[in-house]
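In this document, chain identifiers A, B, C, D and E correspond to the written order of the chains, with residue numbering beginning at 1 in each.
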Amino acid sequence: MHRRCRRRAAARRLTGVLNNMISVDVCQNGNSVSREVEVGRISDLLRQRHKLLWVDVDAPDDETWRVLQEEFDFHPLAIEDARKQNQRPKVDEYPNCLFISLREWTGPQHATDDLTDVTREIDVFVGKNYLVTVHHSSSKAIEEIRKRWEAHPERIEATPGALLHILLDTIVDGYFPAMDAIDGEIDEVESAIYGNGREVVDLAPVLGLKKRLLLLRQTVAPLRDVLNHLLRVDNPFLTAHNRAYYMDVFDHVLRLTDQIDIHRDILGGVMDAIMAQTNNRLNNVMKTLTVISTILMTASLIAGIYGMNFKNMPELNDPNGYYKALLMMVLSAVALIFFFRRVRWL
Amino acid sequence: MHRRCRRRAAARRLTGVLNNMISVDVCQNGNSVSREVEVGRISDLLRQRHKLLWVDVDAPDDETWRVLQEEFDFHPLAIEDARKQNQRPKVDEYPNCLFISLREWTGPQHATDDLTDVTREIDVFVGKNYLVTVHHSSSKAIEEIRKRWEAHPERIEATPGALLHILLDTIVDGYFPAMDAIDGEIDEVESAIYGNGREVVDLAPVLGLKKRLLLLRQTVAPLRDVLNHLLRVDNPFLTAHNRAYYMDVFDHVLRLTDQIDIHRDILGGVMDAIMAQTNNRLNNVMKTLTVISTILMTASLIAGIYGMNFKNMPELNDPNGYYKALLMMVLSAVALIFFFRRVRWL
Amino acid sequence: MHRRCRRRAAARRLTGVLNNMISVDVCQNGNSVSREVEVGRISDLLRQRHKLLWVDVDAPDDETWRVLQEEFDFHPLAIEDARKQNQRPKVDEYPNCLFISLREWTGPQHATDDLTDVTREIDVFVGKNYLVTVHHSSSKAIEEIRKRWEAHPERIEATPGALLHILLDTIVDGYFPAMDAIDGEIDEVESAIYGNGREVVDLAPVLGLKKRLLLLRQTVAPLRDVLNHLLRVDNPFLTAHNRAYYMDVFDHVLRLTDQIDIHRDILGGVMDAIMAQTNNRLNNVMKTLTVISTILMTASLIAGIYGMNFKNMPELNDPNGYYKALLMMVLSAVALIFFFRRVRWL
Amino acid sequence: MHRRCRRRAAARRLTGVLNNMISVDVCQNGNSVSREVEVGRISDLLRQRHKLLWVDVDAPDDETWRVLQEEFDFHPLAIEDARKQNQRPKVDEYPNCLFISLREWTGPQHATDDLTDVTREIDVFVGKNYLVTVHHSSSKAIEEIRKRWEAHPERIEATPGALLHILLDTIVDGYFPAMDAIDGEIDEVESAIYGNGREVVDLAPVLGLKKRLLLLRQTVAPLRDVLNHLLRVDNPFLTAHNRAYYMDVFDHVLRLTDQIDIHRDILGGVMDAIMAQTNNRLNNVMKTLTVISTILMTASLIAGIYGMNFKNMPELNDPNGYYKALLMMVLSAVALIFFFRRVRWL
Amino acid sequence: MHRRCRRRAAARRLTGVLNNMISVDVCQNGNSVSREVEVGRISDLLRQRHKLLWVDVDAPDDETWRVLQEEFDFHPLAIEDARKQNQRPKVDEYPNCLFISLREWTGPQHATDDLTDVTREIDVFVGKNYLVTVHHSSSKAIEEIRKRWEAHPERIEATPGALLHILLDTIVDGYFPAMDAIDGEIDEVESAIYGNGREVVDLAPVLGLKKRLLLLRQTVAPLRDVLNHLLRVDNPFLTAHNRAYYMDVFDHVLRLTDQIDIHRDILGGVMDAIMAQTNNRLNNVMKTLTVISTILMTASLIAGIYGMNFKNMPELNDPNGYYKALLMMVLSAVALIFFFRRVRWL
């Protein structure tokens, strides 16, 4: 008893500071009761089963984490995972709650970007009647929950399942624009290759695209596992009613992974095409060199022959000899061009 | 009660508009009862279990969707999936019905075509005694159902399983012509490569073929999953009687995926052959360049030697020196050609 | 009753025509009873459980199919599959019988052959006391059954399992010569590559081999599935006694698939070797070109220098200048050859 | 009885020698009781179930192994595995204990290093109330256990699970620096490739990186299997309480394998880029050769023409003929450069 | 009865001949009873359950096989498999015994060797109290069993499990030297590639190594399946006591397959390196050609210019003109070399 009192007193003192970072929303029977909840009262509210709490934490510091752990009694490992901020999406089951780590796509992204640069981690703790979301900068998915909560508080059910669905749905749908951007760029590269054989297509952007697909897959694949886990395991918040909604998000993730695989295959083809193009171009360069060399060397040979110093060279005395020699050069050039045309080297 | 009356009145008003888009066929004891059914009466007919309803909806607008949902009580997510029109083939189970999204092959197709350009989505809702098909332009599969329904209404059983089988069968068989077209083109490319070594085989059409195979696989693979799911799960419409028919469609899909994989492997070989051909050609170009250079440079060297200005060069005073020099050039050329023939460079 | 009478009368009329295509063998207690069975009596014989019927049908026409269906009451889909003749090997379970589609290797085969050109379909219907085999040209596997039936009728048990085993065994063993032929050709290609570096190894036969392996795998892989299915599922004809024989055939198929995979890997290595060889050859061609050019151009330069028209060029007046110049050319050539030898270009 | 006495006497004699290699820690009710335990007393202590023994063995010799086997009654195969020191990470279940072989990353490493050079084997025997660790040189993971044991003996529970967790956690976390080093080097290679097209990127370091990833994967993949096994199987030391901690280590291993796979894919892209770069460079070299040859040969041809010895060559008598010829050479060079610029060869 | 008498009489007559090929060892209560057993008494001994028989057959002929089948009552298929001698390692379960086909590594081996050249088949029949080993030339594994049997007959238990373990252990360990040889050769190739860039690394030995790895994998992979099968299935000879020993052999096989996969990956990298090296070398050859051509052609052009026959060429009359021209040639060469150095072509 004494310990709780002390704790609550401390929490009250902190309220001023913490309320910047922690926002607490309470919902009872479909009515958004209040946002002006003191952080220290959370553990009391949690014991009132008919109420739903949504606690959103923005960029928590050590003090905030301490309070959170005290109020919710989270497992130390879950806290540690949420603090580390470079988790792959995953679900961990703890006796009193579910810890879910998600990654929201942020973009824009460059070829050399790392996974942590293009995505933002959102950690979620889900209990029977609460949802705690932790993030480190403003997040679209969190704003989406806020928006829907304020617009239709009557739709929020007494389980946190609906809130979690909004979060997952927004995060998954957020990957599609990134996918579409890649889609468009691949189309551009493809039309550059197949369209006109003139332009040299650079391999660098293709490899950049390939790496972005790798990064996308690195987050989307474990996200699929997370949803698969949520659907398979008995969860307190997965009711018969909202199961279809979770299936829907799962379908979207499957579509994403499908598209990523297809695009990887297409990029493989594009790279083969570029290689083949480079080889063809080399062939053409060599043919050009051969044609030019042959023509010029033949003419030079003729000039060389008439530059010999033999005493007896009848042509040299021919008044038109010079012009005949020039004509021979031109004719040999024409004949060679004609020949190379026939063997399709020109 | 009051709500239903209002709903039915609204539906009656809409009948004129909706009947353009919605066609309702009723079958009772193997007799096609009527096509002139008011849309608003659907929910009444559904309660008569011994009747089979087939509702076909062509390019529905918002109003149509509202009526459909009211009459059939579909899940909002199923409605949403059917409206979005870019689903991968899938099956979703809902308490009162099964939602199946399919893709019919339409063709013709180009290398840069997207999946949505070469296929048409057909969405299906299957219940105990009804089948609702939704499509956005005239579909061969739907016409096939219509044709068989009108020709042999007595064959239509009281479950929608037979109708769904016609739909699946027609859609799956529709992929075979696309497959055959690709088959033929691959044969052409192959005979171009292995037949005569002269012609340069372009990589572009090969890559186009590869991409079309990718697109085919992108629809056929989930189609296989759909059929696998239908066969595995207990469905109200999958009777012991028509199970063999579904197995048959499943076999066809397996043959399709088999062929796609084989063709991908063959195309891989074709691309290797083209690469090797390009390399061989480069080798030949370089050999030609070497042979020509050697011959011409040797002749030029001879000419150069006799173009030197030394005072004492006995050959220069030889009356036949000039002709002997020319003969040397010719002989050296012949000797070189003979030599290059021996080392198989010519 | 009336219907059966009519059917039998029709069948009797057809006997003369059908017996060309249908041969019916009956075995009772290990004695081959008779081959002179009227087609119309089949359904009567089937009801006598202690008899084993083997009905072999060669290139059936529509009429034959009708009779078969009437006598055996086969499922329409099984009939359809057997008529279509381009099935992948498969097993379909029907309530009254098992339908098995097999492919016998026929060969010889060319690189551009299709699967239907190198294999022959044999369709089998297996019931409790009958085996129906359908084929379209003379088949070794069928002849093998006939031979063993006639040689040792006493060995034929009362279940069709032993007959089916002979069929499967002969078909599977028929793939080994094709495999061995490929084996030999790969050995030839390998020794051509690794043996002497002189000869140019063509990629075309390698790709032909690769395609034939693909075709083999396309039939052998589903054959393995067929045997796996037969061994896994409870079949009326798979007794504890002949199970080992089916396991044996299964082992042979596994060995086939193993060898196919190994050969594919070896061919992959061969293709890499050919590519590397082509590249090496290009290197050598370029080195040759460089060496020849350097030698000839150096000699030409010397000739060019002494072809200059300067008034004051002391060497020109040297009586032995000409010979010294020629010596310089030879010496420079020797020096260059010596140099290129040292850097291992020659 | 007699045998035990003899054994204990022998052990007492050995204590002086063995205590260099064997350290025995005993913990009772959260108190580190003593490190000054005679080796021969181990089997007595083991029978006191409420005590936890941690026996750490450094570079054991034959005598040590004999004593260990006598005191703990380990299975001969486990002993043999622990002595051989080139095990892949694995778990073996024996009736009285669990044998776990682990590999700690030591680094630094070179491209040609073997697995045994970059990792150090740590073998663990886990029983109900003891943990035996065997290693051959000073190990960070063992030091970590020692440190935590001494700092907070009260946290050590009565099962060896917590000690094993510290070991696994330290070992797994030890792979991350190696991973990060590879990460950094890949980033360097990537920026070298995509940054400036000038520098030639060598393939050797890329292949070295690839091999190091292979080595990492060779240890990390079986480590994942070990953890998976520990989590799946009922172990005496895996309590409901520390299960989450083992899950956490498992997550870290999964992240490692994820990163290894991603890096392998990225390196594949890098190698393609290097290949493409080499090909492009060859193209450029050939273009340069062609341009230079064409310009010089054209000028030479002009010189050759005016070096002909025809009697009647009007230009030769032109007082400015020489300068005009030189001008022609320059102009032709300029024209050719202009032309090659237009076709983008320069 | 009559049949058995006849059989035994025949066997007695054969003993003289057969004992060359068949050796029979009997073990009772840990004592090696006798090796002088007549072949015809085997079936009697088998009925004495407390005795363990080990029958080793060396290169059996038709007569031997007949006797073996009579004494042991083996299944005809097992006999057939053992006679054919080109089995992949496998286990077949028969009602009265287990048939195991194994392959012992023999080496040495060449690149074009087949699997049958580098391995030797050993077939094993295992029953409740007997082990029959069949081989066709002297085998290390068989000798190992003999050695241990004779050294410690008291260790041989009454089940054939221990004997089979010795056989499996020796065979599996026999693959490690082959593995180590490959390991060493790969190291050599690697150091040749990465060490000095001078030497040309030939692809042929690399492909030979790759093929040997393929051959190794072709035997080791089914060996792993055999052990997995033996461990999974209830076998009469797999007691709780020797299970750990079988697990140990299984671990060794897993390590073998691991190493094979790793080495295949490393060889893949090596082949990429060789390809890249070849391409780099080509680049260097082309650069050399370009540099040499440019220098020589420039000098030739200067010579050509002063070889022109213009009347008015002031330089020609310059007494030092000739030397100045030579100087120009040298200076241009130096300038070009300097230039190519700067662009890193030299």
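Here, a residue touches a chain if its C-beta (ideal position, glycine included) is under 8 Å from a C-beta of that chain, and two chains touch if they have at least 3 such contacts.
As the structure is a prediction and not an experimental result, all values here were calculated from the model.
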**Request:** Moving only to chains each one touches, count the minimum steps from subunit A until you reach subunit D.
**Result:** 1
**Message:** Tell me the rotation angle, 0 to 180 degrees, that brings the C-alpha atoms of subunit B onto subunit C, to the nearest 5.
**Reply:** 70
**Request:** Averaging only over C-alpha atoms, locate the centres of subunit A and subunit E and give their separation in whole Å.
**Result:** 44
**Prompt:** In whole angstrom, what separates the CA-based centres of subunit D and subunit E?
**Reply:** 27
**Request:** Name the residues of subunit A that each touch 2 or more other chains.
**Result:** 275, 279, 282, 286, 289, 293, 297, 300, 304, 307-309, 313
**Fill in**
In ring order, beginning with subunit C and continuing through subunit E, the chains are C, E, D, A, B
**Request:** Using the touch rule from the top, collect the residues of subunit D that touch subunit A in their complex.
**Result:** 187, 190-191, 193-194, 240, 244-245, 247-248, 251, 254-255, 258, 262, 265-266, 269-270, 272-273, 275-277, 279-280, 282-283, 286-287, 289-290, 293-294, 297-298, 300-301, 304-305, 307-313
**Item:** Of subunit C, residues touching subunit B in the complex
**Value:** 75, 77, 80-81, 87-88, 90, 92, 94-95, 111-112, 203-204, 207-208, 210-211, 214, 218, 222, 271, 274-275, 278-279, 281-282, 285-286, 288-289, 292-293, 296-297, 299-300, 303-304, 306-309, 313, 315-322, 325-326, 329
